[in-house]
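First chain written, first letter: the chains are A, B, C and D, and each begins at residue 1.
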Amino acid sequence: MATVTADAKAATGAERYSGIRRATERLCVPLETEDFVVQSMGDVSPTKWHLAHTSWFFETFVLSPHLEGYRELDPAYRFLFNSYYVQAGERHCRAQRGYISRPTVAEVFEYRRHVDAAMEALLESASGELLERVAPLVETGLHHEQQHQELMLTDIKHVFSVNPLRPVYGGPEEAPDEAVAARPPALDWVARAAGLYEIGHAGPGFAYDNERPRHRVYLERYALASRPVTSAEYLAFMEAGGYERPELWLSLGWAAVEENEWSEPFYWEKRDGEWWTYTLGGMRRVHPHEPAVHLSYFEADAYARWADARLPSEAEWEVAATDLRIAGNFVESGRFHPAPAGAGAGPSGERDGGPAQMYGDVWEWTRSQYDPYPGYRPPDGALGEYNGKFMCNQFVLRGGSCATPGSHIRPSYRNFFPPDATWQFTGVRLARDL
Amino acid sequence: MATVTADAKAATGAERYSGIRRATERLCVPLETEDFVVQSMGDVSPTKWHLAHTSWFFETFVLSPHLEGYRELDPAYRFLFNSYYVQAGERHCRAQRGYISRPTVAEVFEYRRHVDAAMEALLESASGELLERVAPLVETGLHHEQQHQELMLTDIKHVFSVNPLRPVYGGPEEAPDEAVAARPPALDWVARAAGLYEIGHAGPGFAYDNERPRHRVYLERYALASRPVTSAEYLAFMEAGGYERPELWLSLGWAAVEENEWSEPFYWEKRDGEWWTYTLGGMRRVHPHEPAVHLSYFEADAYARWADARLPSEAEWEVAATDLRIAGNFVESGRFHPAPAGAGAGPSGERDGGPAQMYGDVWEWTRSQYDPYPGYRPPDGALGEYNGKFMCNQFVLRGGSCATPGSHIRPSYRNFFPPDATWQFTGVRLARDL
Amino acid sequence: MATVTADAKAATGAERYSGIRRATERLCVPLETEDFVVQSMGDVSPTKWHLAHTSWFFETFVLSPHLEGYRELDPAYRFLFNSYYVQAGERHCRAQRGYISRPTVAEVFEYRRHVDAAMEALLESASGELLERVAPLVETGLHHEQQHQELMLTDIKHVFSVNPLRPVYGGPEEAPDEAVAARPPALDWVARAAGLYEIGHAGPGFAYDNERPRHRVYLERYALASRPVTSAEYLAFMEAGGYERPELWLSLGWAAVEENEWSEPFYWEKRDGEWWTYTLGGMRRVHPHEPAVHLSYFEADAYARWADARLPSEAEWEVAATDLRIAGNFVESGRFHPAPAGAGAGPSGERDGGPAQMYGDVWEWTRSQYDPYPGYRPPDGALGEYNGKFMCNQFVLRGGSCATPGSHIRPSYRNFFPPDATWQFTGVRLARDL
Amino acid sequence: MATVTADAKAATGAERYSGIRRATERLCVPLETEDFVVQSMGDVSPTKWHLAHTSWFFETFVLSPHLEGYRELDPAYRFLFNSYYVQAGERHCRAQRGYISRPTVAEVFEYRRHVDAAMEALLESASGELLERVAPLVETGLHHEQQHQELMLTDIKHVFSVNPLRPVYGGPEEAPDEAVAARPPALDWVARAAGLYEIGHAGPGFAYDNERPRHRVYLERYALASRPVTSAEYLAFMEAGGYERPELWLSLGWAAVEENEWSEPFYWEKRDGEWWTYTLGGMRRVHPHEPAVHLSYFEADAYARWADARLPSEAEWEVAATDLRIAGNFVESGRFHPAPAGAGAGPSGERDGGPAQMYGDVWEWTRSQYDPYPGYRPPDGALGEYNGKFMCNQFVLRGGSCATPGSHIRPSYRNFFPPDATWQFTGVRLARDL
């Protein structure tokens, strides 16, 4: 899974552990007890479950095997809070996570404290040899925790959105003023020459197993769009009948349009002739200059076809991103929503001439189905299930979103979702053959 | 719906109102906040929803139309807490009641206080004329509240049962000792002569519309079993291969056995060769002398066929019950589970020679599909939807259960559920042609 | 099942057997080989299957147990052509009858000849003692065959209707001319006094087990409509928004409207502002004076509520029908569609003052759920599954239809279908309390 | 779609047209009329439909647009026999192809004659200019026809297999004698060096659009297995608990195992302790030395993991196949089933040192999800829907099978099916990193 070759002591210090764990809990501040319980669809997990599962992860992969004398708080949690690791034993049915009122929220926080105390003791007092051994596991656990930070936000957004009261989670009280947020620059194309490139992770920092091994790929000459597609642009697609023209869609995509009666992006709704959208800050008018968001792969692909372009491959994306500074509208901005270009979410992430908003704002769908890299082998044991077993019927997304912790992302990072998923902060960057 | 011809003032006094409303809330004492939120299957509603819906009922049918100047606490509740009254406006999808974290439990209790304050003001200070007008509505609202008291218990039992932690709601800590609880008397038969009888409600007390009009039915000579079928007796059916012999079952019943893989009563499970069952007091060994409970109509019917008997018609049941004292193991006993005959749940309900345990313990399935009585007409308006529109594909049950408030039941009371329902306290009394 | 007390020899003579078997085959004359194979929905069976199953019935219940030395043509048919008799062994899945191309149609007719030869030999040469023994079985087999004659027509109608080519089976080339077919008489009401009546079959003729025992029922004063509801009358219900007003419908009925998107009777479709309907004679304009047909129970019930009336109970229907001559528009008319009153389908079936069209034209939904009569016991053995195990979630229909053989019907005849069934020739006769 | 740059006249001569069309019809010789009608699951089409759809293809894309004065035999066929071309108009629901008894089989053959007469007239008498124009369409139509020849066999195999009578289509009467069919050579590995290769079609012959453009790919060093996995080898996987070990499976693969209760290859069944399989020649004992067949991608992938290997990428496969002679056990062998290595299906397809049985016998699953090649653009118009819109959630298969016409296959040929498909002749060739 993880490979940590640098100073293990520093990388897994108790302080860093504690910082990431606290960040998870800070995301819960706006929530009422009841909010922690609900699972509003099969893909969503209750907040309570996220809090417990991330603790189970440390307990299962670090504490139980490596900390002598460690006692689980409750053996039943082994079953309740395992997500999908079949090699870690039986587990509770995913679709029924919302049926479980106990342990209570207070008890789940108690579980976190129990695990944290043991983890902190381990990290502070363990021998160098032990630390060396657990460092990659702790590192993976922390990245795992950060992934769940993002999921907590996307999941609670869904939970709130199906409630007719449309509760507010937080973020800016209003959308950026249209007059103030300057119209984004016209879409431009950033070209790359054909050639043999290398992608994938190598070197000292952390990366998931699925980013390895670094390997060569041959790319034809191509260009990436200079920024993501905006809501105004996507609206033009809608007004051109995009959702009524099957010839623009993949066959499965059109089936999804018909089955789900899609006619606009997820979370959008029309009120008195105007488009509104549910955000973590509540219902707001759709901002024309924001990156379009909550689009499925199918919608991204149909939009690209309509725009006489295509989606980039993940290699094309990575090659273009690899030299850019990793900065943008991440979760730390406190916006919890994509921002118009130049809306001030911090440094824009691009150098002169590079494509803008590659990091943060919206995960960008690539045309690449989620495949193993040449020579890929998952690690042995349960942690080998982290990524490898999902390499089927999913598409790769790149670059992180407004709900991603900034320290979680890197050029080689491969996120993946099925092509009909819409509840993540997913958007579109176009590409073209040259 | 309701007809109240007696002293309306007394019947609807603020004290009685308040007493029944408080009883609802007392049922919530053992619950944690999280427990109020969960809907563990489509038939179950969250406790929170029950608390709000019963308040909505008074608001919609009494306060809004009859109390001048009444202000709803939140107009959105009109939509959220309407159950199925299409004439009372649009309503939230039943299957999604568990997706709604807000209003919080505290806000729902606040809603109850808001409605109670208005109701108590109305009941205490309204003119005689107004009281006369609202009395039948208030009466219906109170019986409605009592129905939901029972549903709160059966629903929370289901919620707890799907949680691997199997939380305890309350009741006696242990099942009655088998040695102490005397083996119940052998099953005997209580005969009735053929003839023209009257059933249905008439006279001054409250009854639902579906119990009216009182009318004549001709019955052939028949006999009722002297007590309900016990767990030991039902176990004999199981051991005789009851769940593997399609010839014992209705065609739809056998389809239910196969689809649901039924091989024992709901809530039963085998541990180390012994039968256990989930009760509101937690997991317990099945007590052989208790009435068998949580049986579907299909199981009741198959059992009866195996036992060379049949289920009674509702007329047969009512004729036999009409002169018995209404007493038994109701919710007030605090057991929340059927009790062996003579286990001390208070007076047994039968006079010399009458069948025992007709009231309380378990609702008794009748072979009667839920039909309108001759001359039945539902009341006009939304309250006409209370009963009449459900007269299809349901079977009538009689006599109340260990979760029914004792003051809620009467000889003519018609409960009804689809033939595959198992999460209510439903059991079997046999009948025979003579 | 059947009880035959009259001259068994005459009743089961080879000639009668042969006549009914040939009638089945005559219904196949308009069909192409391909038509025999198709199962267009779960409720429909391929014609080929009907032809084989009715032969299997004689083989299984008469020949194999009672004709010494009888050899099945193919032992696999035992499995393939058993419908639902679990006591007669394993059987092929009902929903997959349309997946079976072999045996071919020719082989199925060969199977019929094989069974017929054995049956005719048995009926012509068996001893009186043996004939006495098999007579009730043969009689049941012949009534069973007649039931399947009706199903063959309703099933092939469905098969043809889902084919965009809309093939023609047969019948009159055109609907009766509206100008010629006199407007039916205004709807009138035929009253009956309250009292104790007897219903059910007794006496020498054949009846199914579910028509027995004859027993007393008490009826309040009521009236039956003088004729069935016509298409013009049903159209008025549609134009009054019948399919958009949930308050007119049973709860399950409204759910069926929404799920199936019902907005007109089955087989109707609008073309250029006019209503057309698929008939066995092909697509035709809806005739306003014909009895409305292919209505579900839910639609019949909603129509009655809208018309300020109700459906009759089966006892009310039988009491009114019992003295009428059994005549009407049956399958022998060759119309295969209900006819306007007085359209000349033969004698009208009513005496002066009796309700018209009680027999033939359309099966009439009653409000009675399909229950066992008091004292009912199914026969022992597999034939006991003929009726009894279906007494759940079905409604009783009375009087036969334009697809029923005239000799198959009688006053006590109880047909039954689930409340959402529409592919039979089912219509509405209203009733009222007085 | 197709690109034909060679002598168009020759390539599309009437003789070649007629030869391929007759080959389709020869496949129908063993069928009874009834066999043509049945659709035994959603993925299967009735033989009748294949015969008509392939004719519709020529009518729609060649005759109607290009042959002046052409008259369709029946305009309704435009709707009935369009498969999935949304740009060619509305079409009949795929899942209901088995509900259509008319046109009859004879009428469908009449339709073929009608189309053939017009096609042959066109091909024989058209001007060079017109021939140049239609040549690529005719070529595509003929390859399309050949694809359906294969599907007709796999579909009728499924239709027959669900019939308990297990009809025989044809082929050798018995499986090759185990004693005679020599044990296949031990599995060996054929290595390839790392480097930049070219794959995809270029040059004069026919290829589908999805095989273009030819382009460069970089491959790491790898090895392909010297022959496909045999039934005996697959049985070893089963006996090692392959179907009970989730850690061997993709996540969706394990879900498919559980949902479909897979525990052996499709068409296999155990009789008295021995494995049998349904073949087009009827039920036969599984031959240990035959290539394992009817495996889903999920099974192929799990087998490979268990065998400490992996599936090849499609580029790896093509690079290895490109110099081999195209020969093997194709449909022309008349076996309709994979054959043991060296069982005499003609020349083996490999040169010294090359992997064996790359062509024919079984389609070989690759690990490559079905993606567009770099620079791929589907043609304009309805024919652009032939391939491009399916590039989602499918995996590529290579090499053809025992049901593929030998002249239909080439090194660059990309077949594709969803990962749970099992009714095609699909098998496994292993690969390894070196």
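Everything that follows uses one rule, which is that a residue touches a chain if its C-beta (ideal position, glycine included) is under 8 Å from a C-beta of that chain, and two chains touch if they have at least 3 such contacts.
Remember, predicted model here, so these are calculated numbers, not experimental data.
Novice: With centres defined as the mean of C-alpha atoms, identify the chain lying farthest from subunit C.
Specialist: So the farthest one, by centre of C-alpha atoms, is A.
Novice: Could you state the distance in Å from the CA-based centre of subunit B to that of subunit D?
Specialist: One centre to the other, that is 60 Å.
Novice: Counting in whole Å, what is the centre-to-centre distance of subunit A and subunit B, each centre being its mean C-alpha position?
Specialist: Averaging C-alpha atoms per chain gives centres 47 Å apart.
Novice: Could you list the positions in subunit C whose residues touch two or more of the other chains?
Specialist: none
Novice: Have a look at which chains touch which and call the overall pattern line, ring, star, complete or other.
Specialist: Per interface graph, the chains form a ring.
Novice: Quick one: which bits of subunit A touch subunit B in the complex? Just the residue numbers, please.
Specialist: 32-40, 48, 76, 79-80, 92, 96, 98-105, 159-160, 162-165, 167
Novice: Per the contact definition, I'd like the list of subunit C residues that touch subunit B in the complex.
Specialist: By the definition above, subunit C touches subunit B via 84, 86-87, 196, 215-220, 246-247, 249-254, 313, 367-369, 371-372, 374-375, 384-385, 389-393, 419, 433.
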